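Next, two complexes with subunit A in common: one pairs it with subunit B, the other with subunit C.
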Partner chain A sequence: MQRSLYISPDKCTGCLQCEMACSFEHEGNFNPAKSRIKVFTFHTEGRFVPYTCTQCDEAWCKSACPTEAITLDAATGAKMVNDGLCVGCKVCTIACPFGTINYNTTTGKVMKCDLCGGDPACAKACPTQAITYIDAEGTGYDKMRTWASRTDTQTAAQA
Partner chain B sequence: MQYVVIGAGPAGVTAAETIRKQDPSGEVILIGDEPEPAYSRMAIPYYLADKIPEQGTYLRHDPKHLDSLGVRQLKQRVTRVDSAARQLQLAGGGALGFDRLLLATGSDPVKPPIDGLDQPGVHHCWTLEDARNIVKYAQPGSHVVLMGAGFIGCIIMEALAERGVDLTVVEMGDRMVPRMMDQESGNLIKQWCIDKGVTVHTSTRVTGVKANASGAARITLSCDPVGTLEADLVVVAAGVKPAVDYLRDSGIELAQGVVVNEYMESSVPGIYAAGDTCEGIDWGSDGQHAVHAIQPVAAETGRIAALNMCGEVTPYPGSMAMNVLDTLGLVSVSYGQWMGVPGGDEVHRLDSDEYRYIKLQFNGDRLIGAITLGRTEHVGVLRGLIQSRTRLGKWKQHLMEDPTRIMEAYLGATQLTQG
Partner chain C sequence: MSWQKKILRVNLTEGSCTAEPLNMQWAADYLGQRGLGSKYLVEEVDPKVDPLSPDNKLIFATGPLTGTASSTSARYSVITKGALTGAIACSNSGGYFGAELKFAGWDMIIFEGKAPKPVYLYINDDHAELIPADEIWGKSVWDTDKILHAKHQDPQLKISAIGKAGEEGVMYACIVNDLHRAAGRSGVGTVMGSKNLKAVAVRGTKGVSVKDPMRFMQTVMEKKKILAENPVTGQGLPTYGTQVLMNVINEVGALPTKNASVVQFDGASKISGEAMHEPRASDGKANLVTNQACFGCTIACGRVARIDKEHYTVKNRPEYWGASGGLEYENAWSLGADCGVDDLEALTFANFICNEQGYDPITFGATLAAAMELYEMGVITDEDTGGVKLNFGSAEALTTMAEQVGKGEGFGMILGLGSKRLCEKYGHPELSMSVKGQEFPAYDPRGIQGMGLTYATSNRGACHLRSYTVASEILGIPEKTDPLVTEGKAGLVKAFQDATAAVDSSGLCVFTTFAWTLEDFYPQIDAACEGEWTLERLAQTGERIWNMERQFNMAAGFTAKDDTLPKRLLTEPASSGPAAGKVNGLDKMLPEYYELRGWSKEGVPTPDTLRSLGLS
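So, the complex of A and B:
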């Protein structure tokens, strides 16, 4: 059974442990600016929203890549960036309607959530279970998938 | 069923793969007129900058990929399409029949009507072969004149600068990238380039190019109003146009490109077009048609055309202009109707010292276009907001007050129920 990151903004306290864990996992240091997951703060509502790639089926990033640098990890369902093949053209960053693949000015490559190979550091670090890694089926997490279909310019029929 | 795809770029290769997936037993033939494996022009600037080898530009890295899918590949130029006889004429003399045809021949570089552009030392930057020639002459310290500061001119500027050349840019428009950037952002990019040591002449026209008999440089350019410029290498980047000359007597309706309907089908049933070649529905324009010669559209339309060619009826809602450009480290993005619409609202914020700029265009409480400069985080949500036609509600007012809060507005309008 493939699993997905399931985010419950209601449970998020804005502690940013997920950003720290993500940065440490991928960059080897604690630099939230390089985290693949971001927590957005809504001051007036007093709410926090963790946000990252949903590994959507449409995979705009993957189909837009001109050098086949983004591939599917069949085990986890993650869309993976191969740094050796990414030339840094940034076409994926404007193609992804969720804004979850971003250009890293330090490396000259793009970066996105890779589900840490099936053991996501953000979910492990989250003290309130606002971020969990659970079975993809049967969750209420389809909110973003629904949003995906609204945005879908490629239409529902997938090859 | 015999499927023929003309053009081995992103649109053609995506289409050939999709056809194979849909119809495992059909004959699929992919025709390309360049000698190399299918590659991506988008990657050429990185080859020019010595960041990748030639192989790094290839669209698919397994050399047997297309063979293993049973896609027959022909290195040929198609000279004519006979729509009635369902046949292609090949430059080599042969003919090839088809049941379904995809025109994915991309664009050709525009050659401006200036005398002297045919001589040695003057090159387009469009094919891998062009790139090899530029690499040969763009040596450290050599004088290079880049004609045109449009998208392609700007994207190769960094590559040329990284090769250590002495670079001069001549652009007819009054700013850099005039078709993608407004006055503020286009001028900011110009200032950025000047600060990086590039000489930039906007509102300037090259009037003549001749071999230089006396001086050290190979070529002399006459410019109005700048006067004379000397160059060892001239790179012509004056825009591109759909490569459709071979279709003139085909009976297929042409405007700028091949006019297609929402199924990517041309005026001749069974003949489709995709990528730079097609003039399809301009998303969000009430049914107008446009050519959007950009990578994501090439891949999307290639796939949609292929599905329809195989009988999997799949309408395409249209393509939207979107571009991302890195000009010597300054990243700019534009989407959709960044020039705005009558009766719409506009907001922008400029920080010229930091080279940061954002402009948003609204129609009612929907985002319809945007420009950003100096921003690399979450730019894709601008596409999401535009193409989902999300009603921003109260977030529109927040954005009118501070357009940089785009990510909050996106999440507020799409994820928080109490937006």
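So, the complex of A and C:
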């Protein structure tokens, strides 16, 4: 089964445990500035929205890369940056419509979510389950269940 | 490891910023944040200094766990000699600023001297510079935040600032970071204003490392689980915030009401955490929008609220229609019960103003309550107030005065003195509900006896956060004790004081102690920090910090006579509720407390005590 990161912003409290877990996994220290997942705060609305790469099937970043540094991890579906091949040209950061691949000034390479090899650290660290890692084919099931529960079967039967 | 081992010394008089190595011997003895910042203050500042003179210093200190994956790793403290109290002050704040300072590579900032003209400090990793504050001086905290973000074109910049209150010399001005998180008490913002320092803006991209990363992550996971499974930290605080207490404390008859003249408030349920969830009759929406976490926090007790657009306070004022920091229990009490006001929207508005202009809602509410009592006695008149009727229960009086204090206008200038100075000015010092110049918060010591000793002996003036015996006396954490008796409270207070001093020095939030004890802290500190950190070492560190603070205050001129309570709490019995007929039995607790502390009958730490703590 292939799985996807599934994000529910309404559950997020803005604690940034996910950003710390991400930087720890990839950089070995706690450094939100180097996190592949970012949480945006919309202050006057009281909203916190975690955002990261959704691993497009036909990935713009991958198509744009002139050195073929971005490849598919067949097991997880993640688009991976090969640091050995990346020349830091940043074309992928322009190509990605969502802005989720970014340049790292420390390494001179780009960085993006790689799903931690199939066990994403952010999802494990999140205290509110605003980030979960679930069946890629059923990311809508939770919402479907909620709406399903509101369906008035009685009225439907009578109609 | 975990400490960045680097501090920034900012000489405001000369306009210089200098990096210095952190004194690692002191870090080993005082851990960080409250303890370590206080150690620097004690070593560098004459205890007799006038808090508002350039010779006082202002220290922003993080802890070793600030900016790590430990839950609640948001905290930093501001340490100085307090403007309101003249005692050692240490005010703790969450939000995101503290962690960002750490990520920029700094454990601490020490401000000394006074800038000839208003400035702010800008930090971008190693780079630190003082910049003229022309475009932000005179502005609110919220405008300052907006202007600096735009000017530096960096949405990730974290800002800590004073508002108009800190500039105008309101004696209880606070320092507000991330728009509504504050180093709130004792007038630390007043000291900042006296130095012509408007704000600190910081961006950090260097990160924080720990000694033993794998063991640290493992420990942190286990400890986060304890918080999630505990009913207070896992459910009560995220759902209701500290406001979970309003109805509880009212029921036990320990809610100081109308300047602590009575101990229960009829309107308590209307201003409670539960009420914040109720849809309003006017617009069908709840006051509470959501809860919010500070950096790294898996509890998320913070309140984000929105005022009803049709409420008189904000009608046709769209600048107050957005969501912002909502009521915490202490503020709902001070602005509400203590002033007899039960209009939730009005309290929320007053709370917004406290954040916007940067002053402490606890001291403000308690000062207004004292003024209301004086007004009802006929001592303060309409002439003094500019015609505002300062009656208990008046929401208009509350919100009008909140705006006047924020702008330094009218009777707000007098309220800005704090209750001690205000009551002295009007010839009734006994009506100030303060200890060492600072107003006590939302727990009446007639109904919760241990809190009397807590307030009387707190090193920063009356405060609930120095030893929160409410946990034991009301909530039964870690063990239930009877709130109405004095027996055993001396030991309880000492234990809570020492443990809290250690927690406040770690970089983590004291609210974790609803679920954690020092047993849960030391393994996190040990995995993160150099050296070996045991339970005993941590507990002793707390006791060392407490005694060091005490020594500073004694050298500043405080004596055992100042370890007391407002006369009202000692002589006027509670009139209703479970504590009816009771006063606080401080005289029964204090001698035992001194003895347990290893202090003389005059409250002075003995040479033996100091030696055993490495303080002589």
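Please note the rule applied: the second predicted complex is superposed on the first by the 140 of 159 C-alpha atoms of A that agree within 3 Å, B and C clash if a C-alpha of one lies under 4 Å from a C-alpha of the other, contacts with A are read in each partner's own complex, and residues count from 1 in each chain.
Here, a residue touches a chain if its C-beta (ideal position, glycine included) is under 8 Å from a C-beta of that chain, and two chains touch if they have at least 3 such contacts.
Keep in mind the model is a prediction, meaning the values are calculated, not measured.
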{"item": "Subunit B versus subunit C as contact partner of A:Ala74, first or second or both or neither", "value": "neither"}
{"item": "Touched partner set for A:Ile94, first subunit B, second subunit C, both or neither", "value": "first"}
{"item": "Partner chain in contact with A:Glu45 - subunit B first, subunit C second, else both or neither", "value": "both"}
{"item": "First (subunit B), second (subunit C), both or neither touched by A:Met20", "value": "second"}
{"item": "Greater residue coverage of subunit A in the superposed arrangement, subunit B or subunit C", "value": "B"}
{"item": "Touching partner for A:Ser63 - first (subunit B), second (subunit C), both, neither", "value": "first"}
{"item": "Contact residues common to both interfaces of subunit A (with subunit B and with subunit C)", "value": "45, 47"}
{"item": "Contacting residues of subunit C [partner subunit A, same complex]", "value": "67-69, 71, 96, 99, 103, 156, 179, 204-210, 213, 217, 224, 228, 238, 289-298, 300, 304, 306, 322-324"}
{"item": "Interface residues, subunit A side, partner subunit C - complex", "value": "13-17, 20-21, 23-24, 27-34, 43-48, 125, 127-128"}
{"item": "Residue ranges of subunit A in contact with subunit B within the complex", "value": "9, 38, 40, 42, 45, 47, 49, 51, 60, 63-64, 66-68, 85, 87-91, 93-103, 105, 108, 143-144, 147, 150-151, 153-155, 157, 159"}
{"item": "List of subunit B residues in touch with subunit A within their complex", "value": "10, 14, 18, 21-22, 40-43, 45-46, 51-52, 56-61, 283, 294-296, 299-300, 303-304, 306-307, 312, 314-318, 320, 322-324, 326, 329, 331, 333, 335, 376-384, 387-388, 390, 407-408, 410-412, 414-416, 418"}
